[in-house]
Each structure stands twice: as structure tokens, then as C-alpha cells.
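Chain naming follows the written order as A, B and C, and within any one chain the residues start at number 1.
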Amino acid sequence: MTKALTVLPTQNLEPFKGVKKIALEEYFTSGHRTCQGCESALVMKLMAKAAGPRTVILGATGCMYVANTTYYSTSWVVPWMHTQLGAAGSAAVGTAAGLKALMRKNRIKQEPINVIAFCGDGGGADMGLSSISAALTYPEYNFLILMYDNESYANTDIQLSSMTPYGANTTFSPPGKARRILHKRWKKNVAGMLAAGHPECRYVATVDASYALEMMNRVRKALTIGGPTFIHSLDPCPKGWDYDPIQSHDLGELAVETGVWPLFEVEDGVLKFYGKSKSIAQGRKRKPVREYLLRQGRFAHFTDEDIEYFQKKIDQMWERWLIPGAVCIAMSDDIKKALAKSEVELATAN
Amino acid sequence: MTVATKPAAAADKEMLISGCAAIAQALRLADIDVVTAYPIRPYDTVMQAVAKLIANGELDAEYIVASSEHDQFEIVKHASAVGARVFCGSSGVGWMYAMEAIAVTPALRLPMVALVGNRALDDPGAFGCEHNDALCVRDLGWMLTWVDTAQEALDTALIAYRVAEDPRIFLPCAIGADGAFLTHSETIVKVPSKEKVDQFLPKYDRGDKLLHPDNPITIAPQVNEDWVMEIRKQNDEAMRRARGVIQEAFRDFHKIFGRQGGNPFVESYMADDAEVILFGQGTLSMPVKVGVRKLREQGHKVGFVRLRWLRPFPTPEVQEALGRAKAVGVVDRDYSFGSPNYGAVLYNEVRSALYDLPKRPHVISFICGLGGREVTLDSVVEMSEILLKVAKTGKVEQPNYWIGVRG
Amino acid sequence: MTGSVEVVYRGIFQKHLGQRITRGIVLAAVKEGKVGISFGRYGDSPERNGIPAKSFAVVADNEEELQAYLSRYEPSNNDVTVAVDDTLCKGVESWAWYGLQPINKLTRPGGTVLATSMQSPEELLKDCHRKDAEWSLAVIKAIPSFSGLWVYKDDHTDVRVLGAIARLAPHVVKLESVEAAIRDEWGDELKVASVRKAYERVEIRKVRPDEGNPEKPYEFQLPKWWEMKEGLVIPGIPVKQEVEGWEGGYRPGRNPTFKKFSTRTMRPVVDFEICTKCTLCWLQCPDSCFDVTPTGHYDANMEACCGCGVCEAVCPVENCITMVNEAAFADNASQFETYEKDKDAYKTWLKGKIEDKVVTYRSHGFRYRGQYEEELAQMAAGGQLHSGVQSINEEPGAGPG
């Protein structure tokens, strides 16, 4: 019997050093049937471009399945396969495991092949969360799970998911005469939750395709570092958010500038903010969420109180969380004191 | 020209093992690549056996303990798409939990082999045997076979891979094994050598359907009404072809291993001249065969026919085996509430298969042995007597009987 | 007597508009004691912003007639085909099928295509494919009305179309019944007035079979079941297309089956002279529509551009990329090739496209809260150019501004 390989090597994907150095090749190309200005389609393009040709991609049910691969045609250059709505994690594990077994048995060439499974917020944060969580506990397989979050079940006609922002108009939460706000849940903090809960997962990041270079380099890092990794992308959706598609890019930027969408990466257990979120974390003033909300038809029914409530929740995220935007708990005062004391002792001892 | 002589294949090794352990041996011999586990009785016994093989280095496969049955089946589904030989399985509501993944596999034409350790569906939670779990896939494009003994379990698992992975077929195959009676009972099983198995079972070659950077394809795009019927028709044709491929596989199996020489689709026991025949599948055969012998001693022309493949359904063989009888009793270890005559699944399948015969036997439905209840010798006699009466009078007083229910 | 109307609209942008029109037809027909049904083409859902979709209304004197008509999934003998966006006259490719369907394909011989447009029927006819029968092209003068899923821009386009239908196909709905239905549904006399004006002012032009765009639209033959690869497998796209004389340039492989010719309502025009080659349009395009030219410019390939406008939004150079109404273009030629052939001629062409704001203006939905109210207020004031309904008060044929 051949000697078991414990972990296969990954491709060494160096960061693209500047926009001029980005590869010309597209591995997710034109001819998909997404909406005008679809930011999730941009995420697919940048993700595939960052990963390169030796890649297998699995796509869970959702817009990026239905609109991208209308039968008899496809927009994928690299091999691509559909997986079920809640199965992104399992698809990644199964594909990586199959490739690994066949390489070990010399049935296919031994080489690093990127495995990426993507899912939307419905597939990732709702139905498939358990499958993703399980996947992130298998350190012997190399893959990236990318969740493109357009904040609703956008393919099926914009029904709310656990990632839909508070109060947004969706077909499952229409503003009515008796209840202006039908959806009162606050969005899950998926990247933070997965980073905090999976100590063997070496890389978790949030990204925003409006910052394309940064986004691609995070994909490259996730694929290079090895083991199971996770990226959460926030994607403005002209259909579900109800805005002129020309605004897609601006809204992606505004999400970061208002602090609604913090950009961070957790590498080997250490969290770093990057891009504009880094300066926000260091004290730069956030833009008011009002600017972001009122450019989207889904919030057109908001009163001033609703906007204030939204702003307050974002303020809390930056001011009260243990790690802003990532860990939504704070420490009690006595623990803070005790930790501060032991830090002093540690410093003295050193 | 020199002729290379093959090394003499080692003799079969006899082992005292359960049906589940026998399947684990088949998996070792088939050199599977990826296997997933998740606990539910009684199927999980096979995974306990597989885990030992992995731990002892006897089986070289990616062994993944999953977080649910749905994960289990999705993982192997995707491993199969990149060319790995896979195994999976479940029981009862676990099988139902995985149903989405199970349902999508046939259209993807992935030759997954799965074990269903038949178990009653919750609620109430029950561990005993019932066939309704596996029967849920009978319309979906899975090949579906039931085994009777641990030996047959081992042999069938090897045959299942051979048929499923045949490029003319590429359909998944589920092996039904009666919970407890087969999964947990240990008998002597002939375990063949790896050389012989290699002769019988070629490597899984996915050809131009392989998902790999060297073969950039898109698998399973979204379709609309312009395409679905054509895709379903392709699956229908593959299932039609499966019949011939199963026969081929049994012929070769017999040649190489010296076993499984009989009819691949039905086992007939004292049925050739029988006036009345009991018909069923799985481990039912043991008490029924005993009953048949007993009734024969008393001068009654009773026989037994065991169905081995439910999908593809062997219509000609069933017609041939049952057509001459005066009355047939279909023993269902399942239910289909509200179905014609309040019969059950197998009953309705058999009635439909016999319908085109110019002279049809009467068909009676017996629902028996649910939830793992034993099918006793007395039950067999009771059912036979009902059939003998129908045969004698030519009248069906009651189309359906629940046998062994208190009341 | 049975009658039917097909409304072809831009997915999501005009979803509510399309539904309002077909619902309005049925509600009006009911006023005449008829029966009717309103439905969307199921294969068009889930809709995408911009990708053409359809909604239908069928009315009949009784249930039996209606049932007989509905044995069709998609009515193919429509009295009126409504194109609520005039660029749909170039042809329709739904996201559910392949091939380009001429706008008048499902219009019955002698029937009418009705468009909301700032163009005259004469101009619009150049876009419409020829039909093997006589038909009519009618126009309601208006900038096509676009909004989105949650906020509807109530600029009376819906009721104006209903008024025009009453004129074009009175056997489907009569003017009085449309008015009655609108009073019931909305209780708004201004809308009723709009119905009547549209009824009076809709411009109609008879079209002979030898008139219109002679081009044969792209058709797609569906394969037989045994011709399709088993296992739901289709080939991926080759990574690159070789272009002669393009050393150093890059044209990615593109989906050979689905093109975006009929998805677009605007397209970018590029001033290559002031382009700094910053890569942003190319990088941020969700449709990967830009070919990289050997000179390092980015040329929007019209088979792939869906007209979202993101390139204009990200371009750091003023007036380098400008989104222009798709109606202003007669072909899908490469702008870079035209530029290379004759730079001065290109400059003149480009200037014309950018400056002709009458043609270029399009509304593409929600940009900020209050925008639609502002536009509707302009409408009320009358005579303002940038509103979808300003032309209500104009005489037919009168040019805007």
C-alpha cells in the first residue's frame, strides 16, 4: 500500500502586486444571465481569476447557479459542478477527498488543485451552516468555501434570509399597514462565528468586490495557506436591494465606509482589519448609514427612527463588541481587570 | 508468442461475519476511495467494520465521519464526480434525511453504491426492519436490490459496483439489507481473493464526464422545460440497459467465483409446479422456505419466489415465475397507506407486472413483519392456507391481510 | 371572441408595470361581462434586471373559449404585443431560451406592436424584424418607465398603455371598460385622463411585409435526447479566443450560445484618447465584457455587455466612458476597431453620442429616496425633459425639448 499523504501541498499563489499585474485570463467569463450590475457575478469572476486554471469549482443552488449555467451553455472556463443548496461544505470535502485519494493511489497526477465551493447567504448562513462548520474541521483537505452574500434568497424572488438586514423589504417581509417592519432579526455574523468556532481553520476573511485587488488577494491567500478556509463576501444586489445597477460599485464601497461591512481577515487565529475598515478601526469617522440605506429601495419605507436604530446597532458593533464586527460579545469588567493585571505581571516577569 | 500465465488466484477465505462485515469485506476488495460514516442503526455496523479496516491499514480510503446523512451523501457524490469509487449508506429516517442528495444522484449519473440497512421510519422511533426507507427511491433512477444472506451481500456489493460503474449505465445502486436479520447475524462467508475481484471489477473510469482541470466541463446546469424530458429519457434508457448489464455481470461473476449461477433477478424455490406461491424479498426467505417444505410434506403444492432486483423490475422473470400459479401471495415488509386494495408496494408492483398475462393468478396482499417483527412459521402457514383456499375456490374474499397483528 | 395581449418588458425593472398592464386588461374585460386571465411566462422567472420577460392577458366571451385558447403555454397569436421598452424592438432573448425572437413574432397577422418610445414609428421600424404578413407599429411617446421591485414609479405608463390597447384592439377591451376598471382599481381621475389621452394620441403606422429590419434573427435548434451528453455534462468555455493581429491583446473565450444583444438598454461608449488604461472598467465589469486590445485599451464587446453602467461609475476620467441609450445604435461593431480605422470620424461619432442627451437619457431605476417623486413633480409641472410622463401633454409627433 502506498504511504498515506496526510496533507497535500497547495499552489503558491502570490498576491497580485497592483492592478496592472492581475492575470488577463478569465475563468468565469461572459454570457451568464445574471442581472445588470450583478456584484455576485463579479465575485465569481474575481474568485476564478484569482484561483487560476488548475481549479475545480462547486456551486450551491442560488443565483450564481441558476443564472450562470442555463443548460447547454455555461460561463465557466474551469470545471464546475452544481451542488445542493445546503451542501457547499460537503461538496468541498467530497471533491478534495476524492482528488486526494486518487492522487495517493496514483490514479491521477499528483499536483495541487484548488477546490472552491461557493454558496449564497441562504445556502451558507441558513441551510448549509452545519455542513460548512463540519467542513472547516477537516484540516487534511485543502479547499475554500466562499459565501457570496447578497442578503436574501435572490434567485427565488428575494425572500429574507438570516443575512437580510433589519427591516429590509423582501417578498417575505413586505412593509404593511399594521406592521411597517416585519423582519426584525439582526444579520448573523458568519465570518466571525466561523473564525471563532473552528480553531483548526487557518484562514477566514470578509471581502467586498468593490475592492477587487484586495478581494482577489484574499482568495489567493485562502487557497495557498492550506486546509479548509472560508471567505464571506458582501454583494450589492440591484434586484433585491432595488437600485439602479450603475450604483453597484458605489454601494459596495459605502457598505464599508459606513461600517456596515467590516473588512477583516483572521489568519492563524490573529485578526487584522484591512482597507478602509482598518482606518475605521483606528478611529476614522464612519459615514452615516443613512447614506447607504436611502440609496436602496428596500429601505424606502424606513422612518427616521428606523434609520436611527440601524445606526445605533452599527455603532454598537464598532464600540461594544470584543472585536468590532467580528466577535459580538464583550468581556465583563472583572475579567478585563484580571486580564490587564496578568498582562502587567507578564510584562514585569519578562 | 508467449502467453503470460496469470498467477493462480488464492482460494476463498471463509470467515464468520455479519452481513455488514461481509459488505465491508467487499469494500476492501473493491478498493474504494472515499467512504463516509454517520451513525444510525442498523446500517452503521458496516461503518464500524470499515473503520476497523481503515485503522488496521487493510483499506486505503479517505474515511470521513460526517455531520449528518445529508453531508454523508453529498460528500461521496462529489468524490464520485472526480473519479473516486465511493460507498455510503444509512437506515430509516437517516436515509430520509439524506433524501435530497440521494434524489439528485441518478441524473448526475454517478455510480454510488449505498447500503440501506432497512429500518422502520420514525415516529415512533424503532430500530426494526421495514422496507419503506429504501423504497422511497424506487422511482428516482436508483437501481435497487435486496439481499438474503451475508454471502449474497458481499457478492452483490461487488456486482453493484460493476453494474453501476459500467459507462452504459452510470446509475447509483442501493442494496437493501434487512435490519438485524441480515445486518447483525454472523454466518460463514466465503471472502474471495483480491486477484479474483480485480479480474471481475475494472477500475472506475468516468471518461469524459470526469470533473478535473484537464477536462473542463460544467456539470448539472440549471434547465427549463425545453430540456428536462430529454434528460429524464436518458435516465430511462440507462435503466432499461441495466437489465442486460446485470445479466452480463452475473455471468462473469459465476465464471470467476463459481457462485451466483442462478437467475440474477428472481430466486424460485419449489415454485415450478406450485399452485400457490408466496412472493417477497430479503431475509423473508428463511421462514418461508421452511414453511414451504413443511406444507409440501403435507401434500400442498406451495412454492416461494424471492425478488432480487426491484429496479430495474424484472417483469419477464416475474411473469415466468408466477404466471402458472393459481394464487400468489405478495408478502410486503412495507406499507403504502391508501394504495389500491390497501395493499403495499411490492403487491402493487407484482399485480401490475402480471396484468398483461393472458391468464393471471389471483394476487393477495400480505402485510407482515413490520418494525422488525418476526415472520414466523405460523404466519407462513396462515398465508399459505389463505392462498390454497383462493386457489381451490377461485374466489378472492379479501384482497389484503395484515398477518401477525394483534387484534 | 377571444383576444390576447403580450407584454414584453425588462425583467425586474418593469415587472410591476407588465403585471399592471395585463391585470388591467382582465379587470377591464370583466366590466364587459367577459372572462380573462393574466399570467407571466413561467420560464422567465426568476427574473433578472434587464433580461426580457413576458406577461400575457387573454380575454374571451366565456370559459370554454378561454380554455381553448389557453391550451398554449405562450399565446402565439396576439392582437397586440406591447414593448414597454423600445429597445426590445431589436429582438428578445429571454433568459429561458436561446435565439433571438423578433418583437413581432407572436403578433398575429394584422396585429399591432405597441411601444413606449421617444422615437417615431418610422425610426423604430428600423429595429423591428420583417414579418411575413401585414402588421402595425404604434408608439406612445414616453421615455420607457423603469423602476424596481419595491418602489414603483407611478408615471401612468401602465394606464396609458391600456388606453392605447383600447384603441388598437377594441374587441379585447373598450375604452369605457378600461376607464371603469381604473376608477375601481385606483380611484384616480388623473389616470383616467391619461387613458383617454393615450387612446387619442397613440401614433399608428401600417407596416408591409417588405418593411423593417431584413436581418434573419439567430435561431437555435434544440437537440434530440440522444444528441445530448449524458450526466448533465456540457463543455466549458475555452479560455481564450485567438484574434488575428492581436499580439499582446486578450479576448477571453465567450459563451457561444447566449449573447447579451437584447439584454442591454444602454451601452458604454469609450473615448480611447483620454483613457489612462487604469484597468478598472475591465476589472470591475461583472460580465467580463471588455476585450484587452493590443494597445492596452479596453473595448466593450457588445456580445457580452449587458449595459449595467458599472464601467462608467468606476472610470476615474471624466467623460471617458459614457452610457448611451441602446436605441442610438444600429449595430454591435467594435468601437476600438472603428477608432483604429478612422480616429477623427470616431471622435465625431463619439461626440454625437455623448452630446445627444435627448437620446441618451434613460431612467434605470432607484438611485435615492425621493427621486421618483421629484421626477413625477417635474411631470406635473409639464414640459420637463427628464421624466417618463412629460409627453402626456404633448401632441403626437412633437419632438421633445
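Criterion: a contact is a pair of C-beta atoms (placed from the backbone, for glycine too) under 8 Å apart; a residue touches a chain by one contact, two chains touch by 3 or more.
Model, not experiment: these values are computed from the prediction.
Taking the mean of each chain's C-alpha atoms, the chain whose centre lies closest to the overall C-alpha mean is A. Relative to chain C, the most remote chain by averaged C-alpha coordinates is B.
When C-beta pairs in contact are tallied for each pair of chains, A-C comes out on top.
Between the Cα centres of chain A and chain B there is a gap of 43 Å. Rounded to a whole number, the gap between the C-alpha centres of chain B and chain C is 56 angstrom. Each chain gets one centre point, the mean of its Cα atoms, and the points for chain A and chain C are 34 Å apart. Contact with two or more other chains is made by residues 96, 232, 234-236 of chain C. In chain A, the residues touching two or more other chains are 53, 66-67, 70-74, 76-80.
Annotation for chain B: residues touching 2 or more other chains are 216-221, 224, 226-227.
Interface residues of chain B, counted against chain A in their complex, comprise 31, 33-34, 57, 60-62, 64, 66-68, 70-71, 74-84, 86, 100-101, 104, 203, 211-213, 215-224, 226-227. Every residue of chain A that touches chain B in the complex is listed here, in rising order: 1-2, 4, 53-56, 58, 65-67, 69-74, 76-84, 86-87, 89-91, 93-95, 97-102, 104-105, 107-108, 113, 130-131, 133-134, 138. Against chain B, the residues of chain C that register as touching in their complex are 43, 96-97, 222-226, 228-236.
Those residues of chain B that touch chain C in the complex are listed here as 107-110, 170, 208-209, 216-221, 224-227, 229-231, 233-234, 238.
For chain A in complex with chain C, the touching residues are 19-20, 22, 24-39, 41-42, 45-46, 53, 66-67, 70-80, 155-158, 169, 209-210, 212-213, 238-240, 242-250, 294-300.
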